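Each of the next two complexes has subunit A plus one more chain, namely subunit B in the first and subunit C in the second.
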Partner chain A sequence: MENYNIDEYADITDVVCPMTFVKAKIALEELDDGQIISIKMNAGEPVQNVPRSIKDEGHQIIKLLHNEDETYQLIVKKVEDE
Partner chain B sequence: MAVDYKALKNGGFMRQVQKNRFSLRLKVVGGNLTSSQLQTITDVAEKYGDGHVHLTSRQGVEIPFIKLDDVEDVKQALKDGGVDTGVCGPRVRTVTACQGSAICPSGCIDTYPLAQKISDHYFGVELPHKFKFGITGCMNNCLKAEENDIGIKGGYSISFDKDACTLCGVCVAACREDAISIEDGNLKLEEGKCNHCGRCVKSCPFEAWQGESGYIVSFGGTFGNMIARGKEITPIVKDDETLIQVSDAALAFFAEHANPSERFRVAIERAGWDELTSKINAVIE
Partner chain C sequence: MAFTNEQMERYSRHIILSEVGVKGQKKLLNSKVLIIGAGGLGAPVGMYLAAAGVGTIGIADADTVDLSNLQRQVIHTTADVGKPKVESAKETMLAINPDITVNTYHEFVLASNIADIVKDYDFVIDGTDNFPAKFLINDACVLAKKPFSHAGIIRFQGQLMTYVPGEGPCYRCVFKSPPPPDAVPTCSQAGVIGAMGGVIGSLQAMEAIKYIIGKGELLTGQLLTYDALKMEFRKIKLPHGDHCAVCGKEPTITELFDYEQAVCGVNYDE
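Up next is the complex of A and B:
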């Protein structure tokens, strides 16, 4: 899935584990089913753990983009619970 | 009657500065105690000690201020409450472990059953000098594997399922060894750079990376009077049976080459790392 339009942005670079995932989860809850969010996160622990945790919540990971300032943008599609 | 301090020490009773007072070392495996064992320890510390316990540097518990006259009563009270006494002196000591994969999300191996198995095999075995096993579940190394005579560290031998991969790039960012890259729409692994940390497996949102648990073993670590880091001299060990055979070979080497009161590391340095490596590898192959 290379073509996507980003509906929302979130930034979790200002918090540390476990608040990284909490903040991402709250941002995802604001979205409608099928909307796409770009979540900015730091290298290291957040990028190791947050994508997997978001996937485990049932959402779809589309892409991880590496920014020039050593942060990342995780592109996620919201999947509403049944 | 003369007091046999050596026998007391061998049984975990260590002489204190205070006359006729002993600090009793208890047997703890992998840092785990049940609440009922803790209650027993509490009761003994209150009745026979001075109401406090000491947590040792290697996950042990000691009850200080035991009177010489109470030694047998204390042993019985502990035994009745399911608590064993520890050991000091020239033998295999407490086997330490982190919580491992049963509790910790970072864990690559199930450390506690392994600690029990190692302890059942070796705890108290007499050798030229003290001998320590330590087990840590992953590369984060909370249990400091390389400070032990034999250190065991959990790791993954990894494999990749191309069909499950979406090229999302998470593993590229998670790998700290720069072993994974995406080039021209293909994922590339440089196996020589992989340190078995398993971060690709743990981070992948699509289970495209799979990890087979194994043991990264280090030998000859010591962190007391002499400080030396244990060395990895063998390939990753894949199963418990081989790990026990490797440990048997290491202990036999120690018993054969060490002078009395000489640590494993010193014996290895004199007899030669090549000699130890060939003994260990003979078991693995």
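Up next is the complex of A and C:
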């Protein structure tokens, strides 16, 4: 899936585990089903764990972009549960 | 309603859980639970529900804190002796979580006032220590179609069950009517191990939380008993009483009434 429009942005670089996932989860909650969010996160623990946790919640990971400043942009499509 | 940073952090361990998440935490914040009895059972229930962010907690109890309560009623402290239990409980709950509202009812629940108190709540906790109150709470909840958690503790034993309207038996289906006054000791006469309130009260808080977030299976149609000395939990299946006087097909109890209280040891606080 190459073509997508980002509906929302979130930045979780200002918090550490487990607040990284909590903040991402709250940001995802605000979206409608099918909307796309770009989540900025730090290298290391956040990028290792947050994408997996988001996937476990049933959302669709579209892409992980590596920024020049050693942060990442995780592009996620919201999949509404139930 | 969006979470503040403080709420996000306070409830983070709930929000992480897939069964709770943002939606479940919002349900908790919007929920209203009434705790009847600020004693051995009501203490842990109140503290855990406050900590969980149950947005409105009602607490009913006519008593004041006594030194003999402190061995098990962990919501009260030595400095609270002499204070109304509902005030002491409110202070502790708000100290744990200022994010919530606590309504106090400094009175015994009776047929004359209980319906008016219960009507504003989503879930009721029976944390009382005597049969008249337990039957009254059951009848009031059945007639008002309110779910509630029954529990009782004495010595080294505890029990609980959950009533949800239309989903299984009520307390009266199982225990038809109270034993005669003084035939059975209350825990002020019989004694109770302090941690028993913690075990059973925490299970009541868990039932309330599961009901509010709508996850898991409740203790409907079953009685859970705990024997601390044998370290044994048992779940007993309960049949629905088609002939139950209050929730059966042809109920004979259609209005609330009070049973006679035992002369000794009338405490509404376990």
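Some observations on this one:
As a convention for this text, the second predicted complex is superposed on the first by the 82 of 82 C-alpha atoms of A that agree within 3 Å, B and C clash if a C-alpha of one lies under 4 Å from a C-alpha of the other, contacts with A are read in each partner's own complex, and residues count from 1 in each chain.
The criterion applied here is as follows: contacts are C-beta pairs under 8 Å (C-beta built on N, C-alpha and C of every residue); 3 or more make two chains touch, one makes a residue touch a chain.
Only a predicted model underlies this, so the values are computations on that prediction, with no experimental measurement involved.
Once the two complexes are overlaid on the shared chain, A:Lys55 sits against subunit B while remaining clear of subunit C. Counting the residues of subunit A that each partner touches, subunit B and subunit C differ, and the larger count belongs to B. In the superposed model, A:Glu29 lies in contact with subunit C only, and not with subunit B. When the shared chain is aligned, subunit C comes close enough to touch A:Met19, but subunit B does not. According to the touch criterion, subunit A has no shared surface contacted by subunit B in one complex and subunit C in the other.
Contacts from subunit A toward subunit C in the complex involve residues 18-19, 21-23, 25-26, 29-30, 56-57. In the complex of the two chains, the subunit A residues touching subunit B come out as 1, 43, 47-49, 51-52, 54-55, 61-66, 72, 74. Residue ranges of subunit B in contact with subunit A, taken from their complex: 105, 166, 168-170, 172-174, 199, 202-206. Listing the residues of subunit C that touch subunit A in their complex gives 2-3, 8-9, 12-13, 15-16, 18, 21-23.
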